[in-house]
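Structures follow.
Each of the two complexes below includes chain A, the first together with chain B, the second together with chain C.
Let's turn to the complex of A and B:
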């Protein structure tokens, strides 16, 4: 990425000053909420609302124009309609603004007229060497800078995962689900119409962003998919990238004249080409969050051998199914491991001793699960453990045992606590703080584990 | 004429498709094994070509206006003698005269059966040239067992493409059937990838079916669409 673009993106994500154009006094309007979002997220830089007549808004003095602002402006967020936006972008250029967020739609997504308008927008930005987020975007968030430049006022927990989405609504879906899962957010951007900044530009920026450890990308479709997969493949060599490409059901949009043409529906090509470049591809927003959560919290295992310790067989069968489909294996346990298991469960327990290990009745007591988890984790073919427990009113979850087992073995552990997220909140926070992601459904636990296995194998891990 | 000149000539004649014999000519030049394909414009010529090729033979309609030959009744297989060749010639002409009264036929040897696959490429709107390998030859679209890779495709990646097919076990050997020549298929994939990279004038190309034998592989039919 050119140094100039990198600098401008820095100013966009870490601005010292933000101007908001199109503010109003009515909370029904986008402009009001743009300003409130910035204030509500606790932004520490200077905030300059701009309106030709208003005196003050939400406790801040209002400036009549960009020119009146007494200092340089790094980032301007523009909440006026698509025609007025063009004029404001010009003014931003003259003011020396580095980046603009253009919220309004009505550009190239609306046919020829809109396309011409967007070309003028891009020309104006280029003339002044500005970069445009959008147009037609919900905006962006950077929790590291207490920055929320969207019209959805909210406060998100800080974390290591950043998202780039081609839709504001899907962005919000992912962010809210991430918060429900106890996953902290680093940055989010809605790319909108990608007028001067492509998805690959944001990816390159996030690749160099030390506070981002994992990147999730939601794609509908792009013009330069070849560059996108090449950049993403390069980024994923040192920082996990998770892709969700929508459009599985999509009919081929051009009239295909060969069999190859008719079968090359863009989804299937997308999926396989992303995989060709070593990227993890997921099939839903839920899987996206589950995968990013595991990658952000747990270390990458040294191979793809999965062990499961449970007191209930069903969820472990779901785990087995979902993980096997995604390239994980469940190695048979070694004789020495079996010996240790029998020391806990007895020589002839009323359960079949195998991996996944279902301790049934005896496993309902957390104290019994501890030595079983330790035995399975010590098995030479096991690279990662899933500990399964169903929350109970009278019996405690094996949180202490999981922490001890994890500490002793050093291998990654994923917990499946079958419960509501709310009921295991405290235990979850404790486990999350110690690199152990906690899930509440077997599918999500499986997707998390599978994400770790994918990057284990991509990085030369042992294929069991 | 080199390949670029062939493509330019077809394009300047206002054509959208390349006929089977033209695609096979291109394939042959880059070392992809194809069944020979001789043009005939009359019953007599067809019989003469059939004798040269050796019975049994196949007759296929040859027209720049007809992309899917079987669909228009333009393919007759397994012809054992001159009488059958003449009758097939008349049948084909009768079926296609409404579409292209100028149509000819090609005469080709009847290939022995083997495991059928499809190889092709398309210039994807978002990715540029993408190579495809699929199972089932002419049934490929029904089976949907296909893999795609961005061009250029190196031999290792081509092998990975073949092995990622659900039907790979049928190639690798199954129930006492010996393995098919995976290397020959990989070689075709790499060469077709080379064509896709070298000739952006071609929008789409199908080699279908490609029959993979215990030793070697053979392209039985092919078509191509030129870029706008």
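Let's turn to the complex of A and C:
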């Protein structure tokens, strides 16, 4: 990426000052909420609301125009309609603004007339060496800078996963699901019509962003699919990238075109090419969050050998099924491992001892699970462990045992705590703080494990 | 089903009296928790803990033996090990108990010796005309009778969906996910080794159970797959049945055999036969809950024509994709419908008007969505509407508009409220009380809609 673009993207994600154009006193309006989002997220830089007549808004002094702002402006957020936006972009250029976020739609997704309008927008940005987020976007978020430049005021937990999304609504779905899953967010951007900044530009930027450990991408379609996949493949060599490409049904081409002016392209071709470049492809927002969560929290395993310790067989069969479908294997346990297991469960426990290892009744007591997890983790063919437990009113979860086993072995551990979302929260916080992602359904746990295995094999891990 | 079996199943699900064998004073033990579960759920019948030496447990008097219990016992729950269970089952027979729940494993899933033990268990039950739930089961639940005969004390919201599950752990996953989704439960049974009661027996029972509107089934494998599918197909002609069959990967056969002594069988053959018999097949616990929720709450549409009203295009593209993959169609809107839409949005709104209908900025105000939803619902080719809204700190959700549109049209409506699980709860309660299932991700909404479309077409609905 050219140094200039990199610098501009830095100013967009880490602005010292933000101007908000199109603010009003009405909370019904986009502009009001753009301003409130910035305040609400706790942005520590300067905030300059701009309006030709108002004196103050939400406790801040209002400036009559961009010109009146007494210092340079890094980022301008424009909440006016598509025609007025063009004029504001010109003013931003004259002010020396580095990046603009253009919220309004009504451009190339609307056909010829809109396309011409967007071309003028791009020309204005180019003239002043500005970059445009959007147009036709929800905006962007950077929790590292307490920055929320969308019109959805919200507070998000900080974390290591960043998202690039071709849909604000799908991107919001992913954010909310991440909150439900206890997954912290780093950066988030709705790319909109990709007028001067392509998905691949954001990917290159996030690749160099040290605070981003994993990148999730939602794609409807792009005109430069080849460059996108090449860049993503390059990024994924050192930082995991997860793709959700809509369009399996073939029914979405027209819908994508009229949404963000994008060609959906053949899903199968897209998928094959993504996979050729070593990228992980998922099929839902749920799988996206599950995959990013594992990649953000757990280390990449040495190979694709999965061990399971459980007290309930059914969920381990679902794990086996889902993970096997995605390239994982469940190695037979070594004789020495079996010996250690029998020391815990006895010579003739009322279950068949194998991997997945079902300790049945004895596994309901957390203390028994500790040595079993350690034995399985020590097995030379096991690269990652899934620890399964059904939360119980009277019984202690094996959280301490899982933490100990993880620390002792160094191999990644994923927990499946079968529970409601509410009840798992307390245990989850501790486990998440120690590199152990926790899921509440076997499918989501399997999607998380499979994401880790994918990048294990991509990086030359042992294929068992 | 023979009248005797039907009567026994009635006594199992609606017992007047329950004996608990194997209770102790230690909350670590299964028996303690079996008793606590029954008390905790608020069971109104008589509860008889049985122990040879203890005087009282959890506030209840303890009986030395089954014989000492002064009245007939409908249901006995046995928490002792597999060998002791056999003796207790004999005692139950002599006492005239109608049904027994045998929790312990260690039977046919353990090979020849266990198989012989299970044959003796079955022989004892047959001798006294008892039916056995299990062995090797978590137990059963009937919220209609405030009955929880599992060793997981919990309180569940009442509802219209019943589950038959070949795994306690997967069954618990489904229950917890249902709670997270605001879906009420009716009955739930872990079939275990299916010694005298097959999945098909429970299905036939639930088919006649007026309080069960929808049945979800989790299957690992069965020896009598043909009968199961025939019975399920018959049941599904008047009551929706949803199947989750594990085993897509082919890796699970041995795991299923050693879990509940079941042959997993070929997944593809299973799936094809299930579909031939008109049954809905899902691929995860998440899809199971999403599908059952729609079927329990919304009426079956007249045909497979889906309309969407949204203010955010991306989630509607995911809906389009997922629903199209599952047999739904998105008809073009009639000229008259378009006319009504333009009355709301103007002649030249900054979006392309079509189905899915994206009202963009204008759709963020709930009041605008009302007439749009009504117009789309009135369209002759639309059989079901999905209303999409991203929850916002300052903006009102279109809950009132959705309720009005649903009531006015009579056609089913599904809401996609993009939100965290926590924030959606208040709106959800109202919508759920009025036949409108609410989801927080487009995929789950699509799975719900697709379940409704499946049964619409199965019942001769219009294929558009």
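For the reader, a short list of remarks on this structure follows.
As a convention for this text, the second predicted complex is superposed on the first by the 449 of 464 C-alpha atoms of A that agree within 3 Å, B and C clash if a C-alpha of one lies under 4 Å from a C-alpha of the other, contacts with A are read in each partner's own complex, and residues count from 1 in each chain.
Methods note: a contact is a pair of C-beta atoms (placed from the backbone, for glycine too) under 8 Å apart; a residue touches a chain by one contact, two chains touch by 3 or more.
In this text, all values refer to a predicted model and were calculated from it rather than measured experimentally.
Touch criterion met: A:226 reaches chain B, while chain C stays clear of it. Look at A:394: by the touch rule set out above, it reaches chain C but stays clear of chain B.
Of the two partner chains, chain B is the only one that A:276 touches; chain C does not reach it.
Note on chain A: of its two partners chain C and chain B, the one contacting more of its residues is C.
When the shared chain is aligned, no partner comes close enough to touch A:94: not chain B, not chain C.
Residue contacts after overlaying the shared chain place A:268 against chain B, while chain C stays out of touching range.
Within the superposed three-chain model, A:463 lies out of touch with both chain B and chain C [touch as defined at top]. Judged by the document's definition of touching, chain A residues 254, 256, 258-260 lie at the interface with chain B and also at the interface with chain C. Considering their complex, residues 221-226, 229, 254, 256-264, 266, 268-270, 272-273, 276 of chain A touch chain B. Considering their complex, residues 27-28, 30, 32-33, 36, 40, 81-82, 104-106, 109-111, 114, 152-154, 165-173, 176-177, 179-180, 218, 220, 246-252, 254-256, 258-260, 284-286, 310, 312-318, 320-322, 324-325, 330, 350-352, 354, 356, 358, 360-361, 364-365, 388, 390, 392-395, 418-422, 440-444 of chain C touch chain A.
Across the complex, chain A is touched by residues 16-17, 67, 118, 120-122, 124-128, 130, 132, 134, 140-141, 144, 146-150, 157, 203-206, 208, 223-225 of chain B.
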